[in-house]
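Below are two complexes that have chain A in common, paired first with chain B and then with chain C.
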Partner chain A sequence: MSQAELTAAPTAASFNEDSEVHSGLTPEEMRQSKRNQRRRKLIATAFVIPLIFFVLIAFIAPIGTMLYRSVYHPTVAQLIPETLQALQSWDEASDNIPDAATISLFAKELHYLAKERRSGKLAEEINRGMPGSSSVIKSSARKLKKLDEATLANEGAERLLAAKKQWQEVKIWRTMKSSGEIFTDSFYLTATDLTRNEQGEIVARDTNIYIKLFAKSLKIALLITFLTAVIGFPLAYYLATAPAKVANTLMVFVLLPFWTSLLVRTTAWIAILQTNGVINDFLITLHIINEPIEMLYTQFSTVIAMTHILLPFMILPLYSVMKGIDPSYFRAALSLGAKPLSAFSRIYFPMTLPGLSAGALLVFIISIGYYITPALVGGTDGQMISNIIAFHMQSSNNWELAAALGSILLILITLLYWIYDRLVGVSNIKLG
Partner chain B sequence: MQFPKYFNFWHKLGMHSLRLTAWAVLAFLMLPILVIIPLSFNVEPYFSFTEGMLAFDPDAYSLKWYAEIINDDKWILAIKNSFLIGAAATVIATVLGTLAAIGLSRADMPLQRMIMAILLSPMIVPLIITAAGMYFFYTQLGLAGTYMGVIIAHAALGTPFVIITVNAALSGFDYSLVRASLGMGASPSYTFFKVIMPLIRPGVISGSLFAFITSFDEVVVILFLAGPEQRTIPRQMFSGLREQINPTILAVAVLLVVVSALLLLTIEYLRARGERIRTGQVS
Partner chain C sequence: MKHLKRFGAALALCTAMSPALAEQFTAVSFGGAYGEAQQKHMLDPFMEKTGHKILFENYSGGIAELKAQVESGNILWDVVDVEVIDLERACSEGLLEVFPHDTLPAGDDGVAAKDDFIPQALANECGVGNIIWTVLYAYNGDTIKGGNPNSIGDFFNTQKFPGKRALRKRPQVNMEWALIADGVPKDEVYDLLSTDEGQARAFAKLDTIKNDLVWFDSWSQVPQLLNDGGAVMAQSANGRIFDAIQKDNKPFEMVWDAHIYDLDVWAVVRGSKKKAVAEEFIRFATSSKPESGMQDVAYGPTRQSSYAYMDEAILPKLPSAHLDEGLKASGEFWADYGESLGEKFNEWLLN
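This part shows the complex of A and B:
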């Protein structure tokens, strides 16, 4: 702790009498009181500033970078800067391909990229906008690579046009021009299964991958929220109404899994659900089944493992709310002749709603962005939106698309977090 | 089980089935963790019980997977890294988080609710988003693949837990004690360490334990940000589970369960102590 922070500790002046503004004060006293108030504000702020600064650098700035990355795409512009410059004057709405000078500039840059072994990167980028163009660029690059500088300068354009017939078409040049834009909404369009047609209008894509994936993630998260609520509720109720000694002992069974590493619990589920795992062995030994059931690497295993992992997040808020409900209301309803079910649904259950909504929102928010468990036990069927973000970050290297998908997920989470803050208050999150 | 006199047969049946359900859910929570303990002593390299194990044949059990951890340089490095990174991140998170919680607990704090929501957001934002953003940003700063980078990232993830626990400890804090101390001539730093700290210490310690376990258990950020030098236990487990499943992972898992149990006991002790302090029963 630095000296500066220490001296910001409460000083005598800041803890003077509470400076409520009384009407009988003189102007001098009013000023004094305002000064005190300001001073106390400053002192409180001074405590928080170091962390705000730290979180800004370590966490907020990275998130901002990701948001920026989702619209900032300089790769193509860095690969073929001169061609893009020349393409500025070309009218992509016309049915003519760019003029010979522009094409020859591109031939020169492609030749250069081929020599530098970077033409593959260009092919990959253009291919995203126009599937099938990758082979056109790669084979043209191979042909241009062999040319010497003089031939390239004189007949570069002709050689390129001769290399592949697709260069005679307007489409590939349009794609190059649009891929060369440094700021683009195209990754958001891709992330929502939209695209631009040749007239520049936004239209639906033939394949809808990402909307489906978002919908699947929401569905899995809802299912997990529902399951944790349904099985968490009776346990929380039992714990809240049991004698304190029993409840405290049983609480360990909820808290130990809560504290146990996520990877340990995922490992345990792998051991249990495997083809030659505990459940299959058990069922085969009892002759209930003859062939092992395939449970691991399915959506089922994602759901069951995540329900197990997130269950404490449901039980703990429910328990703490139920603990505060006076049991005499329920008893009063019963002794006044209400049937237990209606006493429960009309008296007790409504009082548990704050805990239930807190738990449900928490479980839903956490599960929608889950990565590790689906990645390990989900197979292809049990993958969620986070897994496809990781895939685009690590395997397909389409960082911009990963960032766009991440931003959409972030917006969704922020919305849910805001609702949580309204309903529950973020400072009321309880840990254990 | 004792029931009120007005309970009929169906009421009692309802209560019994409630109790049965509760126990079934407790079993669901505990069994997956318990099942890996015997499996980690399996002499065969499988994730399932052998006949010898079920017959309690001593030859079916062995400690060889535990020995394998000790003999593997990768695991030893991972264990060292986990503790080193966890400890460093915990120190940063605890110092910054405690100070912030004290500031935020003051009624004079402007924009209290909004700042609180922002400071707690590292806990809510999906780790894949945090990790991707950190990868972009930390690479520019030259922090990717360094201990410093990983420690900073983990400290940021740990601070919300410190804020929450210290905030809870401060909820019953009586600021007239501070006024009394200062009024009697104690310096601000003396007041901080001798009056405020002892009263909120249980909250600070349990917050720091939460920050530690957050770092100790974290794998997504590590996957994106760490180089081979910063491999931690969860990172090592993750690649092990993806590549070739081997009971060494079960042995590590059992050791981690022991660590969690110890941390849980400490937290529970601190909570009980904190409760006694709040209710004025401390000696």
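This part shows the complex of A and C:
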């Protein structure tokens, strides 16, 4: 929109000046008018500069960093550069471990890392590719730390191999070599439940979580979109057709929860749904059930709480579109002999589509990346992909994997938006 | 103008001198009843004695925040209370300063520090052991059916003790318990868990009660779960249950069988500008008298000389009185397998 204004404003201005040009202008006046034109253009641009700057800093840069971080991984390469250099000439497909010179080089670097207390960083990185190798590296580092430079230069390789038996296996060296790659696709592979086997082929992993979670998040988001539409549509219709006084009162009921803190609303759902909560107590008192129903910490509670929280995002665009529909169309269809149902489905409903699609798009995109509500009421099976991303950011410290998962989510949403544009057309959206 | 100059000089003098007189630094720990006990027995007496000021903040454990501070060079914390399970990693990644253990004061009974502390408390170069605490399970005496459970096997016995069980949502402790309940001797648990078969066996055992499990994230949820009937048995840090029984008279009982005990340590964040006074605080906090104050929340002291200050009646309730029944949590094992088992655990939960 800003772009349209940007180009529109100077054009309008130049039109005015052009009309003046026709009334016989000297070259000097022509230049003057061009200068004016340029100045106006500049001013118009200056108005959007803060916005561009903001978007750049708050949006483009972080997303770019995230995309970059998901493939750029120099940590290991910075920790053991010489070893990795030497490993280049080693044939990882062979069953022999690297030659003594390489191993001794690694012993030297590990010794240095241990002194600097950075061996733990290396251990953590290698451990990702080979669970269990962390203690191998750490305990070897401890042993090497005690050696002096001379012993290290002469017997470094032997000491390292003697420190832990795993050093005599090819696997740990392969892992080291592969995690030393500065640009890597391994986080994307992990994020799609794939991995490379020892021959370097891409194969499925034994653990299968992320694809399942993406599918589940999609399913939950679609379900929520559907539910908000089913609940929101009749309500918005009633609001749009009811007398102003009733409509305004009801609107407060829609907006008041919307203005309440998200945490308060989510916590209220905990109180309602918990084992000895409002609903269970009520049903037990009425002898409808004998045992409390398990509702909190399930997918059900995620869906119901998020439906409630996102409902206004559906109602508001629907309402504003319905408000603009002339009721006489519907009446005209009826008077021309249409049954109410077909008048609704062929006349009224198509006219609400811009609002419906705006609401659906808003609710869907917000809900697929939702974080707080699933974390609080979702329990185990109500978790969404954003909760796993947060887990990798906060607990497992695997920021690269979190970035890869986040990028996939971004691509997924962009893709869905593109499909939506193809099917419905973005120009068909009306937000108000 | 003259006045202003004099005032400026006085001000400059004040700022120059104040660090020498009283410094201010930040300490972080886990809050709750534990944090209160630390405030009362470690921080307050230290501030009173030395005139330094400590800002005491809460965090939820883990090393992510430490890492962010150290790597960005923007150090906000000076002293941290770290679980040993994270200490190994934090220390070897260079997030903590090395603590000179030889500067620790002798116990109040004159025994040298290295003999007074239990060995695990000084096992890592970066920290000084502060408490022994443990993870056990407790049940609600009012809602339990089928008698009184007394072993970890009972936790997995849904036939005899029907009802929901609450576990913290992570593989730690749960994997160990599953194997012990399945008949694995305690000293073989970690060896077995580092094999695929052992992990599969643990998950198979957890499968048997999967439908009866309630998951929680924070220890603070446990007393509530037991109280409002969300679960009849629940995993817990022993201090939380002790606090609920002691302060709120809850009908909870602790089961010590196969409890998994561990230490917390005080450590200095790497790059702290208040390193000297932070170390001074740690030396004070881990001396005999302040250590004994941790009995308030039933956490055991890490040095022998503290017992002289402690109430006889509390001793049987401390983890230190039950070490034979328990298993020491392996920081090394979880540093190695925490991530891969965490993934498998998540997958198991989703299926």
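As a convention for this text, the second predicted complex is superposed on the first by the 320 of 432 C-alpha atoms of A that agree within 3 Å, B and C clash if a C-alpha of one lies under 4 Å from a C-alpha of the other, contacts with A are read in each partner's own complex, and residues count from 1 in each chain.
Throughout what follows, contacts are C-beta pairs under 8 Å (C-beta built on N, C-alpha and C of every residue); 3 or more make two chains touch, one makes a residue touch a chain.
Everything numeric here is computed off the predicted structure, so don't read it as measured data.
K.L.:
Would you check which partner chain A:P243 touches, where first means chain B only, second means chain C only, and both and neither mean what they say?
P.N.:
A:P243 contacts neither chain B nor chain C.
K.L.:
After lining up the shared chain so the two structures overlap, which partner does A:D421 touch, if you call chain B first and chain C second: first, second, both or neither?
P.N.:
A:D421 sits against chain B, while chain C stays out of touch.
K.L.:
Between chain B (first) and chain C (second), which does A:G132 come into contact with in this model arrangement: first, second, both, or neither?
P.N.:
After superposition on chain A, A:G132 lies in contact with chain C alone.
K.L.:
Go through the superposed model and pick first if A:N397 touches only chain B, second if only chain C, both, or neither.
P.N.:
second
K.L.:
Considering only the touch criterion stated at the top, classify A:N276 as touching first (chain B), second (chain C), both, or neither.
P.N.:
both
K.L.:
In the three-chain superposition, say which chain, chain B or chain C, touches more residues of chain A.
P.N.:
Partner touching more chain A residues in the overlay: B.
K.L.:
Tell me which partner A:L213 touches in the superposition: chain B (first), chain C (second), both or neither.
P.N.:
Only chain C is touched by A:L213; chain B is not.
K.L.:
If we overlay the two complexes on their shared chain A, which of chain B and chain C does A:S335 touch? Say first, second, both or neither.
P.N.:
first
K.L.:
Given the touch rule stated above, what does A:G120 touch, chain B (first), chain C (second), both, or neither?
P.N.:
Once the two structures are laid over each other on A, A:G120 reaches chain C alone.
K.L.:
After superposition on the shared chain, which partner residues are touched by A:P27: those of chain B (first), chain C (second), both, or neither?
P.N.:
neither
K.L.:
Just to be sure I follow: which residues of chain A are touched by chain B in one complex and then by chain C in the other one?
P.N.:
In the superposed arrangement, which is not itself an observed complex, chain A uses residues 274, 276, 393 for both chain B and chain C.
K.L.:
Going by the contact rule set out above, which residues of chain B touch chain A in the complex?
P.N.:
4, 6, 10-11, 14, 18-19, 21-22, 25-26, 28-30, 32-33, 35-36, 39, 46-49, 92, 95-97, 99-100, 102-104, 106, 108-110, 113, 115-130, 132-138, 140, 152-153, 155-156, 159, 161, 163-165, 167-168, 175, 178-179, 182-183, 188-189, 191-192, 206, 210, 213, 216-217, 219-220, 223-224, 234, 237-238, 241-242, 245, 249-250, 253, 256-257, 260-261, 263-264, 267-268, 271
K.L.:
List the residues on chain C that touch chain A in their complex, please.
P.N.:
Where chain C meets chain A, its residues are 62-64, 67, 88-89, 91-94, 98, 169, 194, 214-215, 228-230, 332, 335-340, 342-344, 346-347, 349-350.
K.L.:
Enumerate the contact residues on chain A facing chain B in the complex.
P.N.:
Residue list for chain A touching chain B: 1, 5-7, 9-12, 15, 37, 40-41, 43-48, 50-52, 54-55, 58-66, 69, 231-232, 234-235, 237-239, 250, 252-257, 259-272, 274, 276-278, 280-281, 308, 311-312, 331, 334-335, 340, 365, 368-372, 375-376, 386, 389-390, 393, 399, 402-403, 406, 409-410, 413, 417, 421, 426-427, 429-432.
K.L.:
Which of the residues in chain A come into contact with chain C in the complex?
P.N.:
116-121, 123-124, 127-128, 131-135, 138, 141, 207-209, 212-213, 216, 274-276, 292, 297, 379-381, 388, 393-398
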